[in-house]
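Working notes, structure below.
As written, the chain order gives the labels A, B and C, with residue 1 at the start of each chain.
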Amino acid sequence: MPFLQNTWYLAAWADELASDKMLARTIVDRPLICFRDQAGQASVLEDRCPHRFAPLSRGKLDAGVVTCGYHGLSFDSKGRCVRNPHGPIPPAVKVSRLPVCERHFCIWIWPGEPDRADETLIPDLGFIDRVSAQERVKGHLETQSNYQLMIDNIMDLSHADYLHPQTLGGGINTRAKCEVAESVNEVAVKWTALNDTLPPAMAQFLPNPQAPGDFQNEVYWNAPGIMRQRVAFAEHGRLQTHGFESWTSHVMTPRTSGSTHYFYCHTNAALQQNPEMAPQIDAVLRSAFQGEDAPMLEAQQGQIGDHDFWDLKPALLSIDKAAVLARRHLEKLIKAEASSSP
Amino acid sequence: MPFLQNTWYLAAWADELASDKMLARTIVDRPLICFRDQAGQASVLEDRCPHRFAPLSRGKLDAGVVTCGYHGLSFDSKGRCVRNPHGPIPPAVKVSRLPVCERHFCIWIWPGEPDRADETLIPDLGFIDRVSAQERVKGHLETQSNYQLMIDNIMDLSHADYLHPQTLGGGINTRAKCEVAESVNEVAVKWTALNDTLPPAMAQFLPNPQAPGDFQNEVYWNAPGIMRQRVAFAEHGRLQTHGFESWTSHVMTPRTSGSTHYFYCHTNAALQQNPEMAPQIDAVLRSAFQGEDAPMLEAQQGQIGDHDFWDLKPALLSIDKAAVLARRHLEKLIKAEASSSP
Amino acid sequence: MPFLQNTWYLAAWADELASDKMLARTIVDRPLICFRDQAGQASVLEDRCPHRFAPLSRGKLDAGVVTCGYHGLSFDSKGRCVRNPHGPIPPAVKVSRLPVCERHFCIWIWPGEPDRADETLIPDLGFIDRVSAQERVKGHLETQSNYQLMIDNIMDLSHADYLHPQTLGGGINTRAKCEVAESVNEVAVKWTALNDTLPPAMAQFLPNPQAPGDFQNEVYWNAPGIMRQRVAFAEHGRLQTHGFESWTSHVMTPRTSGSTHYFYCHTNAALQQNPEMAPQIDAVLRSAFQGEDAPMLEAQQGQIGDHDFWDLKPALLSIDKAAVLARRHLEKLIKAEASSSP
């Protein structure tokens, strides 16, 4: 299945970009460099000099100008050749530049037709903007698995009970009532449990960690792999008055067909008062992902290999509903794009 | 060349299987799990959950029930889904199970049509059963080479003189008289030498290691890659009265087209009286295989690559007779199977 | 693009060959062994026993006779089977032998039709012969990049200013006047600069390293990838009377389509008086190549992947003229060979 081209992909966190150091990153099979010009504007170029195809990331970035480390050609943030030390600047020589938008502390890129790069199409991750810096815990991880498996993983959080039993699981995700809804461009899934045993990583924040609790967990998917999650929990009956609430974005950007960038950003008002919780939360998220999710997803990818997922005829369970709807939405978009391209 | 499907393959030693720990092993390109149910019966299932294709070997085995580590589906030793924590058990959800037979301390599996899995077709390795545990030296090794090269290696033991000169060789294998016989389903090769210099690893057991000896070495092949070897030697003229005799099985089970499981079991009545010889014999076998055979076989495989062996037009020598007959037998069986399958 | 077959390739330095130890080396995708017979004649054979395809390089070389380490067949330096310990020597059993010529302290091989192996076609590297041993600095290195990229690299030495700024560059290569000439079978490129800042690795040899200098740099290419370089420099105006001059061969021999053998030999009359300079020069050459050229060339290769170079439409600059002419010459030869072969 090809990648959707006319869409926004999260390429990097905004603070990963600088005007004196390139960030090299492969997205939808394209090696790219990401950096800032002197005005601080983000720019994303193909990581390939048009002269002899040396990766520009092996060169230098100085004041927003990239100079190839092989023969010294320089390019500005628009990809235009601005210096040829060996003669006149050849008019046709340029580096491909992708439409870029900086929003929600993220750098978004549009690999498809530049004219169609409409910034209003970026899903709203405004919750990230509405909190202070210390209320955010964010990171970037990678897996050797397809991005659709990564999306499935978030769209069916019942897996937490089996894969993360000591932190995010314990049984409540399986016992919770699950509701799925879809609209034109969104799939939503909500889990609700009342008077149940909270996951250990949540229960520890209650005055009495042993007490039964109430639990709401909601995930909203937008194409291609952008998910927002709301979690709320409290001692039973106290969700309105003493609830803990967090919003987390989980964004899956294809690196290649067999590898994925995972960008997460957890926001939590409680961090304002308890900044020492931030590294703890980050450690739980990273450790769950790197020690439990990633090995399983990579093993799953290994079993699937180059097969088409549906050709393998997966057994469909009730818990798959949201993940399957998200897959169907995405497949429809990819097919529409394939049929409309020349 | 495809693998023969309707045949028994040695998958594991019986004592590798337990009811609380799965053994993951790939055979004829199929990732499998091997374990025991609560009654101790061996079971071999596809190592892939039918839900999302997670390897079951990453889950848990408890009382003969396998639970997937990703979403918690459980399967019994027949591959039937016995628990879906998320709802009713879907009737069609099951894991493929292979016919299994436990015999001669080995677990045998039949990758082909289950109805044709006839246990009487397992070649007779009864010599393993007829000795006591301390008279057996057995192991499992792997190589990155095709199983047919591994069979060739055993069917032409003249290689010992060149590849194992300090232990199993020395020249006698080349000088010995060699006779080959074939029947409907067996190829036999016998080497006989009288009044000759025994291989160092044998001579050391004689009262006078320098004395000339008599030597018999016989290998019997059955499809697909099951070989029994009888070795007898003694000081010259004393084979009937003071001979040392051993029987060894060498079983080559394809892992993939380019990798092979090697199961060996050496039995030797002298071990009854001299149990301290067992680790010495095991060390000789392992060291010859891992230090000498495997590197050569893997280099040979490297030169052959993906080419068909016969397309490369190997020079045929007299020593190849038994190996070529075994290849021809096996190829005939594989072709017959291909032509009879739908 | 296939490799040119009817041509001489530099396979090894003459002193790499011995009569008691084989040198295994892959050239134009063919695994080979190189050694000497008892008379000291160089011989190059396919590294593959015709019996079971074991690499002969895993066997033994004794008095110019190669014995396979698997079953003991022996071959002489012509590839003829001279011993079969298992029976009569089969008449058809032989190892392919390549035409070999030893010249300029190099072992040259001809992978194409043996009848066409004309030694007068070897480009003249006589400068290597005309100096004493201590005036030579030579070596063999490898890269994971196509040989044509390696040739491009030498045919456009302007790269030194960007890739080797602290040693061979600094800007003079870019500022120098560049002239390109071609004849029937040679491409020549000459850079000249007067009263300019010499590269640091050259300036250090001047009485006053800060003084402006004169600089001549010439490269002569012959198919398939044989280049001679003349460098002369001196303090400004003293090139005729106090110049330093060196000749260096840079020979690129394809190992596979994605890897290359690089043979270099630097000759320098000044080494006669200053033999301590030899290891310094070798260190500069190796360090520039391994630390700067090879990583860039391998990254460039990574970006090109399996694409045809021209299909990627490289931007052509004035500095590419010599490299492009050399590519065109070579492509013409390869096409002519393809159209004339049956």
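Everything below uses one rule, namely that a residue touches a chain if its C-beta (ideal position, glycine included) is under 8 Å from a C-beta of that chain, and two chains touch if they have at least 3 such contacts.
Quantities reported herein were computed from a predicted structural model and do not represent experimental measurements.
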item: Chain contact topology (line, ring, star, complete or other); value: complete
item: Interface residue overlap between copies subunit A and subunit C, same or different (over half shared); value: different
item: Chain centre separation (subunit A, subunit C; CA means) in Å; value: 48
item: For subunit A, residues contacting two or more additional chains; value: none
item: Contacting residues of subunit B [partner subunit C, same complex]; value: 152, 156, 158-159, 161-163, 174, 295-296, 299-300, 302-304, 312, 314-320
item: In the complex, subunit B residues that touch subunit A; value: 31, 47-48, 50-55, 58, 67-73, 84-87, 90, 92-93
